[in-house]
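Okay, so chain A shows up in both of these, paired with chain B first and chain C after.
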Partner chain A sequence: MDYPRSNFYCDSKPPFRDRSGSSTAMTTALVAYVPTSDIPLFPPNYFWAGKLVYIKHIFQTSSFATPTAFFVNLIFGNNVSNTGTGLCSAGITWTANQSTVQCSCDFWIRCRTANGPGTIGTLFSYGVVWLGGTGLIPIPATGGLSAVSFDTSVGGYIAPQYYRSGSTAEVLTHHDIFTRAMN
Partner chain B sequence: MDGPWYNEGMPPFQASTAPQVTMTSSNQPLFPNSWLQPNRPGFFDYVGKTIYYKAWGVSTTGATPGNFNLFVYWGNNTASNGTQLGSNAFTWVASLTNVCWSIDLYIRARAIGVNGQLVIYGTLFLGQTGLWMFPFSGTITGVVCDLSRANSNFISPQVNRSGTTAETITPWDMYWQQLN
Partner chain C sequence: MEGPWVSNLLEPFNTTSQSLITLTGTAQALYATSQLPNLANYFNYAGKLLHFRGVGQTTSGATPGNFALSILYGSNANNVGSNIVSIVVAWPASQVNTTFMFDYWCRCRVPGASGTLSCQGFMFMQGFGIIQSFFSNPSVFTPVDLTATAYMSPQLFRSGSTAETVQMHDIFFESIN
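Moving on to the complex of A and B:
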């Protein structure tokens, strides 16, 4: 109800989640824990320069004796494990022996260039990961983030994937995710 | 789809990184005017009107940064101009390089017109340093501002540091939303 109206409504994007996933073992490679049925498909030529999308992921983890580090990557692609274009990432030293703690990730994906259909555009992404019992860190934690190139003519999913660098059988349970078009 | 009180993204929409600010002991605007909401007289035109502001970037500290100070003004976005809506300060960790930070602020009109009032609150997060409420302590009270159609101003975040080294802060991205 702006004055005057901008008409850049913030829209929630279906599908809307109605159940948690099952507990899944983590490995030392990226795994797509979020089912494809839970996330929207961004069609070709969806993004325009300045377009902003927000994603929130709620999940639960358990760490054991030697989790070492927890890693998160936001991936643009077909939502297959360890496949696609990495948009932003972070690693956090993971506190051992945290049983069924709640966690969340927040991501913002901003299109910086999209010079018309069928061209190479760039996405600039950042966020924050909050691991219960461990801490809150920005994504990326440090460094000058660069915009990542993508083919505007190819649609895809945008979802987080996770792994751990240690040697014990940490687990992750996907609870909820939602996506919003911010403008 | 509950009613007409849509959230709306508020232009301008950014597609680049803002200029780096080399901090001093005096206030400096965090963003150029072109990044802020354009002056819109009478924007806060009903009690309860709320906007949300998020900014994200990186910062680098030297040996003696002292405190990081964030101020938000209702003014023309020049140094320390206008009415201060709120502020926060925290001890800044030295010798951090390109560490990410974020600012989340909510600004709500509690009264409108010539004797309008704005209240501000939110959080400030700096990697490897901490997470703070904004303001950190004290009562949150409405600050008297001229919100009439005869007056136009920016919501202007400004920063300084109390130390002696050349800290820098680079905003990567920011956006405004009206929440109702």
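Moving on to the complex of A and C:
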């Protein structure tokens, strides 16, 4: 550490994961596969301009005959399925019939403003999704890198949610997630 | 925490996107100097390790030629400094606003005014996949003055003839030890 040059050390945020989830069927709507008990609550006014948070999610998926595409959204909210503020997203054409392959997502969430008019702040988020047997792409892959407004006076969780656009019984198993305050 | 070698982020902390740059055949700095930490005397012992990661977007035209990313240790002026690591790769044509990231780890091997650094990493672009930097001379033992004001300056040029552009959105520098 560079003290006294810097006091902005990195630290992990509890809770610390010690168990896997169960295999869960995917649908065509976003589902919060990460239990709320596995992720930290960001209290109101947690973010300041320049604050950076890193999240890594480890999971497994199985695709079947017609998975079409795999979608990931990083959501700020109450960790309820398909609810909250989308921070960044991507979709990747999903290779069929990949059984129990390892997958991961990395996310970086940067606060750009925290004291806008009223209680408006902005978060700039990006990442990488890596599907075993399919490949990896940036999040977002093209076009949509932009800051998203959020209410700085309201706390919440930040976690990925996923869906598939095809018609077969793809499944996802959540294994691990960790969150680091980078500064 | 297990000891004093915790990691920390170096200031300044980025909060703005950079200006859109039209690439040429000469390396251009991707970030304003105000967005980069001054590394004078930062590498002050052998083994000191710095990680940095950037993200942005690029657009290629009809004949982009090569995509050439370099990390120059110096003043952050265009095409100035010690080239401590680089990647040159054929650039697919007509890619619009594709996301582009890089990750580098730079280790001090010898501190001081005649210091040496080794730097290794990769870049990742939609449509490219991951391309790893060479870990070979001269990128391993480049003599540089590690006591003077200097920046780790990501720079980019293209070898083709069309109006490729790049806009960087974020960067952070993490002191690993």
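As a convention for this text, the second predicted complex is superposed on the first by the 176 of 183 C-alpha atoms of A that agree within 3 Å, B and C clash if a C-alpha of one lies under 4 Å from a C-alpha of the other, contacts with A are read in each partner's own complex, and residues count from 1 in each chain.
The rule is short, and it goes like this: a contact is a pair of C-beta atoms (placed from the backbone, for glycine too) under 8 Å apart; a residue touches a chain by one contact, two chains touch by 3 or more.
Please read these numbers as outputs of a predicted model, since none were measured by experiment.
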Fit or clash - chain C, chain B, common chain A: clash
Partner chain in contact with A:R17 - chain B first, chain C second, else both or neither: neither
Partner chain in contact with A:H57 - chain B first, chain C second, else both or neither: neither
Chain B versus chain C as contact partner of A:H174, first or second or both or neither: neither
First (chain B), second (chain C), both or neither touched by A:R164: neither
Chain A residues contacted in one complex by chain B, in the other by chain C: 1-3, 5-10, 49-52, 108, 110-113, 124, 126, 128, 136-143, 145, 182-183
Complex contacts: residues of chain A adjacent to chain B: 1-3, 5-10, 49-52, 108, 110-113, 124, 126, 128, 136-145, 182-183
Chain B to chain A touching residues, read off their complex: 4-16, 40, 42-43, 45, 54, 56, 58, 97-102, 125, 127-128, 131, 170, 172-173, 175, 177-178, 180
Footprint of chain C on chain A - complex, ascending: 1-3, 5-11, 49-52, 108, 110-113, 124, 126, 128, 135-143, 145, 182-183
Sites on chain C touched by chain A in the complex: 1, 4-16, 42, 53, 55-57, 96-101, 124-126, 129-130, 169-170, 172, 174-175, 177
